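Shared between the two complexes below is chain A, which pairs with chain B and chain C, respectively.
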Partner chain A sequence: MTNSPPASVQPLLTADGIPLKTSLQRSMRRSKLRAIFLVLPPLIFLLSLFIIPIGNLLTRSTDDTLINYQLPLTFAMIDQWDRKTLPEENLFEAIYLDLSSLNKYLISDNFADSVDPNDPAWRVRIPKKGPYRDAMIEIDPRWQSASTWLPIHEIAMIGVNAQGTERERKNKARRVQFKICAYLTPLTNADCTKLYKVLQVWDGASEPDEALFEALYKDLRSANKFLVGKSSTRMNYGKPGFKSLIKKSSRKLKKVSEPPYRDAMIKADKRWGDVAFWQSLVTMQEPQTTGYYLNAVDRKWNKDHEIELQPAERRVYVMLWWRTFLVSLIVTVGCLILAYPVSHLLATLPLRYSNILMICVLMPFWTSLLVRIVAWMVMLQQEGVINDTLVMLGLPDENRLPMMYNFTGTVIVMIQILLPFMILPIYSVMKTIPPSYMKAAQNLGAPPALAFLRVYMPQTLPGVGAGVILVFIVAIGYYITPELVGGKDGRLIGNMVAYHMQKSLNWGLAAAMGSILLAGILLLYWIYDKIVGIDNMKLG
Partner chain B sequence: MALPAYATPAQRLWHYIYLTICALVLFFLVMPLIAVIPISFSVSPFLQFTPEMLRLDPEAFSLRWYRMMMGDCSDPGITTVCSDNWKTGAKNSLFIGVIATALATTLGIFAALGLSRPIMPFRKLIMAIMISPLIVPLIITASGMFFFFAKLNLVSTYAGLILAHTILGLPFVVITVTATLVGFDASLTRAAASLGGGPVRNFFKVQMPLILPGVISGALFAFITSFDEVVIVLFIGGPDQITLPRQMWSGIRQEISPTILSVATILVILSICLLTVVELLRRRSERLRGIRPA
Partner chain C sequence: MSDQDFFVRFIKVQKSYDGETLVVKNLNLDIKQGEFITMLGPSGSGKTTCLMMLAGFEPATHGEIYLGNQPINAVPPHKRGIGMVFQNYALFPHMTVNENLAFPLEVRRLNKSEIESRTKRALDMVQLGAFGNRRPAQLSGGQQQRVAVARALVFDPDLVLMDEPLGALDKQLREQMQYEIKHIHESLGVTVVYVTHDQSEALTMSNRIAVFDDGVIQQLAAPNDLYERPENAFVAQFIGENNRLTGFVHSLEGNHCQVELDNGEHVQAFKVNVDAVGDRATLSLRPERVEVNPEVGKFPNLFEAKIEELIYLGDHIRTRASVCGHSDFIVKIPNASHHATLNEGDIVKFGWSMEDCRALDVVEVTN
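Our next item is the complex of A and B:
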């Protein structure tokens, strides 16, 4: 180092002889690594248990693969149909096979574009009472070799080799039965009990025998019943009446075994002769659908792939979105009107007094949400404190005000619950405005109202903006309060998401509504970040 | 802010109107919570101030709803459902809350320490992810977790609820601890390191005592979030996981008996205690960091 050519500039060295630049870079890198190392555990935790589940939920809003698993042959052939007249025999045959035969599970390649309608395997009939082996091998010869069975055998062995208490082993065995079915079918919650039983005794090497095929047939049959049920629910979203049509005809179709299917199916249920049902099938063909999103705004695809309005009696969601927006707006404005004077008072009072009043603001903030709702029920109900007081003051007893289980109730309770979210940001901004500004304005001749409007209020706007967006974000996703005090006309979009999650089980629609809601909230959040910055978010 | 002596009558009038408005708003905020307290001591099963109570007749007050809350069903006059569920719920809520808080606090401190370091790539994005459980509506979080936890066999388990509540509590710890670290003097850790302390020891001996107020108030927020959480419990909790909010929820949905009001009263008092603790901590933190209260 010391005998370097004198012409070049000597690099700065640290005490241990390393160039300063390198040393600095190294220490910066170490610092960066340390920071990443610290953040990594919570980040992985949140990503894996929060972000991925939410993303997973959102994919459900477009997922329409289930029905493609159910009707592969029909969808492969429906493109040939003119979509105007009643379909020919071949399409009737396709839907008959899709609904009642198990061949689609046995043919190795049968999804979306890879379905070959001309494959003779589709029309191989498995005798109901057996023997099953030959027919199933005719459908797809790969079932003949032990290697096709090996994966499900391995799954079954996990259950057999399970350790632990009696109850734990039973649970494990049950989960394994679900897993076998999930391997063979698109269903995750059908259980393949028979296969599990026979796979236990199979050695995993010898040629699969009739017992295995029988179990496969029976398990697939019950799984198919399950899948038909699920997919007909999905078909019902596309066209009301489909579920009962499928249910009714699948009972009667058991007796049908010979072509022609067209007349037999129309005889079983005359709705098969209605072109409208066939036309709605066309709209379900794609494995990805925008149908749930359209449904969430009262629209749907028609047979010509155009967007049209839902029939009048099914239009509810636009009204609900509108109501949610309206409630959030009223609550936000209400909170702003109530919060502004109080924040001003808190910001201008001497600390001794404002601290005491601050407790009034913070106490509800710290109290359980449900406690506050119960308290409001006591206040607002027909025989509640407010009505009792009004009656005491001379209101006729029969004119008690309905303030619960309606729109009014939701708004009143939400305003009280969200008020602290408005007061705190406005207060913290007002606190920074020196009182001398108002005095100066008045000294220069402005009347108090003008001084307030032109000098004081503009300075409070950052706090107002923060409070407004914060309250609006929280209000728009509200679920508990409207559910408990909202009654029928106080329900919001959050309640509809919960309804479709828990009651109607239309998860696609719930996910679509959730996605729209989330998109709106993220947009508002982005604005909030621009105005306030998330780093400045403070609590209490 | 007192009125100046030279105020005109109109200003004077406006000032009093303004004070009245403020008083009404503050009254609106606390009135329902205060009103619950006396009714919870009522003898009558109706949720209202009976005429006897207004006359302050001692016969009109009793502790029967509190006894019922504790699972003592011997009172012959009670027709509403009486069970041990309140006690079980409180126990479960405490259990889930304490573990979830401990997890959230640990993870949150890591995150805050990392985010407060001078060099942190993608700081903004990571902060946004850390805070996201606070932003996403609970109903969406609950739906997402329901499907995901079902796949992991975590539905209807305590572990599932604890993990979910940890996620909800994490943002609070991150926010409060990050805020405490803003005023943290980095030369203190450097001094400790130059005196020979290892990073772990330095953290516990130097950094931790200084950020402790932020940690505790973040932990309190996380605890109260878990203790008050009902949507996730309704979605992913099983019949065994009765928590206090869940019990209140079903109480409100079926029939509101004054038992709920006695629970509510206790929770209101608890919240006042928590509020006091947090307020004291905040002042202490400001003092420690040398920030004078404004």
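Our next item is the complex of A and C:
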């Protein structure tokens, strides 16, 4: 505002001598502010509920850092292995230490490329029954100084100093315990109770004593158990059986504490002697993985960093992708065929009839999705209304049509549910086409059918395009209908996403599938733009 | 004149949409080949319905329509071969001008070169030769209008219907288009049935005008007849401006009569459709047929008038005066150099001939 204009250019002044630009800015400021305020709520909504979750989804689908945190030594040494024969003792030692020792949490340079496998710190043993202090300081001397502990202490003090009711303070304390663990480990849901307790008594300045180290040891040990569980699940995605292998052998290896580990481990579980498990570890080495994406299309990395097909019995997703595509296509075409004449009627009937028809179209919209699906179940099942009617009309009782819990059921119900999404955009476009075009075409000599094809239909294309895109996009990610009426061969990719989110907890795979869906939709959108042009789309 | 001479015939045509009221009541209309006939009337008078029945978009409830001696009631619109210009042109928005013009030729399966030459000829006819590749939305209203006319003519129909085609244009463009359509009609010799509610449009272009009101043709006549010899009060007041004086028929004599006005004055008038002495009658008198201060004895009708208001309109001075108890008596005084000047409040004499003052029936006039 106070910037003086360049001397060479004489600024325009208002009547009372203020520069015109300043005056304009002042007068516009209010309306600009108001515009920002108006846009703010949807912007926040969009950011917090759309952009951020999708960003999170995309990162999750490639994130593989957890396993790198778990196996730093193994991954640092695995490159020296020939990947064909069973590894030597040093690799066995590495994985043994990675899984059981807590040293990785204590060493500051503990991640990926910065790991030096020859650092003796990795092999310092902390006695199980203590004393812990000396061993832990030997691993990384910085633990000796109070300043290393200070940040953890600060976190703990947030919980100690929490205000409010007892209940609120308790919750705060609990959240702080999680935060302490998140500071020390890559885990956000491990619980550092013991550290919290002892940090409360520590003054934050004196030299850390044995009690602090004991709490650190014990909390890290329970956190490590947690991490081993998580990473063994991840390892299981790479090679089925890994999870049970680790579970079983970690129980048995408790007694083992001295090298050599190789024979002891193979003795504990002979699968350690299977090269395939070791080979699968190679594919987990990178902190960013495309493994989830490959898995989502029935492929995987092999030991030589080549993409190969999953074993035949594990190939399900490609078929599901095709089925999802096919169902979406059939549903879209079905909706179009049914919606076009209805929209035409809606657009051309006198108002009082078209209102009634519009209510009929919208009624399903106002009805609960579940109610509608259950109604369809009543209609379609083996002993349902349609089959009963057919039997009454002479269909042999043993030939009742299977229309539920299969592909057919999914398609029928989805068409009914998505029909309004097709009708409304087409209707809104048809409404704007004056009847005089059809009259003119006929007057110029075109029979009604030709007039429709050459004159009416091309003008409805923007609505058809919008309807097709809308229905296809909704259909391709559809979940609830296939879940309820799909049965075994009516399941779609959306159901797999839900399964991996809720049941198998393989969020990486679910995220990868979601990302592929998103990419597919964007691709369709792009193709649509190339062929029809987005500008031509009319949603209402 | 035998029946064969007529190109389009409406015979006792009636039309009802709801089965309760007739929109068109017993229409009989004969149109000669090459004629420019206008259906003129207020909105709701049934003129557009007649056009739609002729085009085939509305079936006649009763009666027959003949086109070139063939009954066409059962012929679908696309087989009638009638060109039509719609009210809002109905140019197909997804086609270029060329494609619009080629459309009627393509559906008639003409070969490509023929289509091209005919399209070009039609576009040149409306002076839009350079606009063939534009979309209708890229043209101005007047240009769209021309394209619509060209499209209605491109397949050489014998009959072209026009449904208020100039309604959306501004006044100047409308007048220009009137002449253009008139000239196209004259040069092609095509029969045109034109619908409008604008009387000046009808007077400018038509050979004959059918004045519609209430589903009935009130008068079918050439423009000058219609203006100068209206056959009833509706036509008289609908076409052009006129002064209306009301009274009773006092005496009848040959083709003229004497009407006693409500203030007791007697006016000599031309008898048109009053039947008996004692009937109510409307006297219709065009404002430009009144002479101010005429020579004594020139006109049988000579009355005292008081000038109430003078409105200067350039080519003439519109004068409102009180005559025979009517204070809204309008006289148009041409702004000629020799003409006397009047002032408001002057008392003068107005005179008019018996032939110009037409004794008509009485209608309830709303405006």
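Note that in this section the second predicted complex is superposed on the first by the 451 of 540 C-alpha atoms of A that agree within 3 Å, B and C clash if a C-alpha of one lies under 4 Å from a C-alpha of the other, contacts with A are read in each partner's own complex, and residues count from 1 in each chain.
One rule holds for everything that comes next: a contact is a pair of C-beta atoms (placed from the backbone, for glycine too) under 8 Å apart; a residue touches a chain by one contact, two chains touch by 3 or more.
Since this is a predicted model, take the numbers as computed values, not measurements.
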If you stack the two complexes on chain A, which partner ends up touching A:I51: first (chain B), second (chain C), both, or neither? first
A:P448 contacts which: chain B (first), chain C (second), both, neither? both
In the superposed model, which partner reaches more residues of chain A, chain B or chain C? B
First (chain B), second (chain C), both or neither: which does A:P434 touch? second
Using the superposition on chain A as set up above, list the residues of chain A that contact both chain B and chain C. 448
Which positions of chain A touch chain B when the two form their complex? 28, 31-32, 34-43, 45-47, 49-54, 56-57, 60, 175, 338-339, 341-342, 345, 348-349, 351, 357, 359-364, 366-379, 381, 383-385, 388, 416, 419-420, 431, 435, 448, 473, 476-480, 484, 494, 497-498, 501-502, 507, 510-511, 514, 517-518, 521-522, 525, 529, 534-535, 537-540
Using the touch definition from the top, list the residues of chain A that touch chain C in their complex. 434, 436-437, 439-448, 450-451, 454-455, 458-459
Would you mind writing out the residues of chain C in touch with chain A in their complex? 55-57, 76-84, 86-88, 90, 92-94, 103-104, 107-108, 151, 155
Any idea which chain B residues touch chain A in the complex? 1, 11, 18-19, 21-22, 25-26, 28-33, 35-36, 39, 46-49, 107-108, 110-111, 113-115, 117-121, 124, 126-133, 135-141, 143-149, 153, 163-164, 166-167, 170, 172, 174-176, 178-179, 217, 221, 224, 227-228, 230-231, 235, 245, 248-249, 252-253, 256, 260-261, 263-264, 267-268, 271-272, 274-275, 278-279, 282, 293-294
